Amino acid sequence: MTTGTIEHALRELVLANRILAREGVIDDFGHVSVRSPADPNRYFLSRSRSPEIVDLADIMEFTLEGEAIDGQGRRPYAERALHGAIYMARRDVNAVTHHHARAVLPFTVTDVPLKPLFHMASVIGQEVPLWDSQPEFGDTNMLVDDLAKGHSLAKALGKNPTALLRGHGAVCVGASLREAVFVSIYMKENAELVLAARHLGELQYLTPGEIGQTGDMLRSQLAQSRSWEYRVARAGFRGL
Amino acid sequence: MTTGTIEHALRELVLANRILAREGVIDDFGHVSVRSPADPNRYFLSRSRSPEIVDLADIMEFTLEGEAIDGQGRRPYAERALHGAIYMARRDVNAVTHHHARAVLPFTVTDVPLKPLFHMASVIGQEVPLWDSQPEFGDTNMLVDDLAKGHSLAKALGKNPTALLRGHGAVCVGASLREAVFVSIYMKENAELVLAARHLGELQYLTPGEIGQTGDMLRSQLAQSRSWEYRVARAGFRGL
Amino acid sequence: MTTGTIEHALRELVLANRILAREGVIDDFGHVSVRSPADPNRYFLSRSRSPEIVDLADIMEFTLEGEAIDGQGRRPYAERALHGAIYMARRDVNAVTHHHARAVLPFTVTDVPLKPLFHMASVIGQEVPLWDSQPEFGDTNMLVDDLAKGHSLAKALGKNPTALLRGHGAVCVGASLREAVFVSIYMKENAELVLAARHLGELQYLTPGEIGQTGDMLRSQLAQSRSWEYRVARAGFRGL
Amino acid sequence: MTTGTIEHALRELVLANRILAREGVIDDFGHVSVRSPADPNRYFLSRSRSPEIVDLADIMEFTLEGEAIDGQGRRPYAERALHGAIYMARRDVNAVTHHHARAVLPFTVTDVPLKPLFHMASVIGQEVPLWDSQPEFGDTNMLVDDLAKGHSLAKALGKNPTALLRGHGAVCVGASLREAVFVSIYMKENAELVLAARHLGELQYLTPGEIGQTGDMLRSQLAQSRSWEYRVARAGFRGL
């Protein structure tokens, strides 16, 4: 594991922050993390700051329990427990996003399922589970601000790439940072699509077979690179 | 009370104008004021100008009755009565916005309540009262252009952070300027969310307990600073 | 009548083109004209070009019959007949816009009336008549491309500030260029609002008395200047 | 056939890529091709790259079977079969776009027809056929990634200017590149309009006669040039 690898991971994490801001997935609140390529028991996450303005100097390293390795007085996100708990539960996951994308929220407060309606959304998975803090924790400030809530959410997520949080937002995961970003964007796009299409009548969703094959294709190196290059350019970093 | 404090308040007021324009809360009409940190019986408000182009030289000082302290021939907003009346009625309020955010308007002309549907909107309060000029004042030009209407509106607002004006818009208040801006933006966001979600069926709103705890958390210094830094950057003043 | 007056009118007409493009009222097709301040039987209108890129050199002068005064080989809009016919029928009108603002179009192909739902929209008038080319002219290319169609449309417009064209768009008029621009923008805004609000149930429109008083207020010099200054800045001409 | 003609075609193809990105028709996936003006059995298409960042050096030449003439190691789009198959079937077609414009997608998964609701949309044709990969090919990765699927899609397209792909997107064709771009943009605009208007009740679509006459007018050199100049300027190439 070279220093170059870590540096690359951190630069990509800054880009991921900017991309998720540019694409309207994350606004003033929400975050994105990446598991350390040097140590699977560590992850990187910005200090408490809006993704649109996150920079290299904002990135902090944490243990999976959420302890800062070298805090330097920087204030971490209250909800970092969410990241640690998912990294503990899912060894296949190397990146996590948490967002309040507006189009996704209606599916957290109604009974309408958020299933892939077009091919690009296959990556969100066949079913998107819903986590509600109320049954287990009662009235709260709605944040996933300790490991108990983090574990509960990770359990609801199960083996899926995405989960909804009632009255709050969503989490998205991926085998790579690029994949988690891709999943987050298309979760939002699919939600917008379902909201628009439901007015027209009964919807024909993708079949499980289509979701499987299309998801595999979209997670390929070729598709991921093409999308990432586009998102980087749109976020104002053309040529990076 | 130093001159620096006033200068800081005025600079923040200019930023608040620009932010509310950038976020689509206020367009050509609408305004934002702050109570003077030097004198609770005075407030600052721009001359009659669209918030997107308000500058330091546009800010005027008023008595709560709406008299300009040093007008210099600048034309004030016709609706400044709204600000004065609220500052009279609410000693806890140090900033007021008045806007016509489009998403909020449907809730002023129908029976559908505008209640917090996601955690960020807790700050708008559990219920948003509606003020209608018609019963008390009959046909008008719809403006809150004298203290009688201002007092009537302040009475409808009561102890809430927000109120709707029928066929017109809304007022939002806060203990600080940043808080009033935050409340205004999330009132708009929540309205957009309810409009989108209602198509899907019955909605599960936040509980009163969740609204209370989440609102407290969002009004904290940490959350307010994070959001303000983001809004300032988006309004083109990165680094201020 | 000085040359300065004409020059001012032409500069404002260029701004009006850019503003209507910036505000999403007019896209690649649509236009705006102003009656000549030097001769009520003449009007100014761009050559056939999208408003977003119209410049001073594009402005042509026409007789009310649509003859170019000094064409210089420039190709005029096919639909200029619409402008001439309205100027003939309405001596109180000094500016005309024709647009296909998307939000307005649903009201041209359904039975839902487009009435002022919020105070800013009072300027569109209490009722917005619909002109349909089909009964009088049968199948056409949908353009108002001769004076016969122009007169028919002007008749449908009557004394109103706005009219709808079935499957096509709208015309808006004003006593001044600024007013016609203002009416056009708020016609679009009101249409968007009705589209959003109708999902929530029965709508409470403004009363005729409110429409009258608010419209008078909004057509005042003060309100018009404030809005124009804002629109000019947004169109990228801050300080003009 | 001069080299200049080819160069012009390639420059216009780059512009077409940028325009379709700017207008929100194509995002990270989707593409646009043009038949070679030098050889009707060849077409030009970018290498596998998002249209927003396509440049001259990305353009490749293909046989109608999808073989690269001078690949230089550049990776082609997996779905180029779609372009070749349409060029084979339609000698009148000189340009093809494939996109996932969000507004169009609801019409691919419901029974609601996508018919011209306003005059600008006449160019999409009276009926828009739907191609579904499922009956003929079963579960797939949803891509038109071989000639068998390309031929099947071309058959569904028939003599129409547009076709829908279930759970995927659309194809649009034109006698010229500019026309295919124009059709693509107005297919999206019409879809947005139908989505908005359907809430209001029964819709009055254009008559077949109106579609015919208006489509002819819009495909004229004058209308095409006016629109293209506008789209080029909006895509940031003012003056090209």
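Going by the order they are written in, the chains are A, B, C and D; count residues from 1 in each one.
To be clear about the criterion, a residue touches a chain if its C-beta (ideal position, glycine included) is under 8 Å from a C-beta of that chain, and two chains touch if they have at least 3 such contacts.
This is a predicted model, so every value here is computed, not measured.
Contact with both subunit B and subunit C is made by no chain of the assembly. Matching CA atoms, the turn from subunit A to subunit B amounts to 90°, rounded to the nearest 5. For the self-contact between subunit A and subunit D, the two sides draw on mostly distinct residue numbers; the shared fraction is below half. Subunit A and subunit D have CA centres that are 33 Å apart. Chain centres here are Cα means. That of subunit B falls 46 Å from that of subunit D. Those residues of subunit C in touch with two or more other chains are numbered 199. Taken as a graph of touching chains, this assembly is arranged as a ring, one closed cycle with exactly two partners per chain.
Chain pairs that touch one another: A-B, A-D, B-C, C-D.
For subunit B in complex with subunit C, the touching residues are 27-29, 48-50, 52-53, 75, 100, 102-103, 105-112, 134, 138-143, 166-169, 195, 198-199. Of all residues in subunit D, only 117-120, 122, 189, 192-193, 196-197, 199-207, 209-210, 212-214, 216-217, 222-223, 226-227, 229-231, 233-234, 238 touch subunit C in the complex they form.
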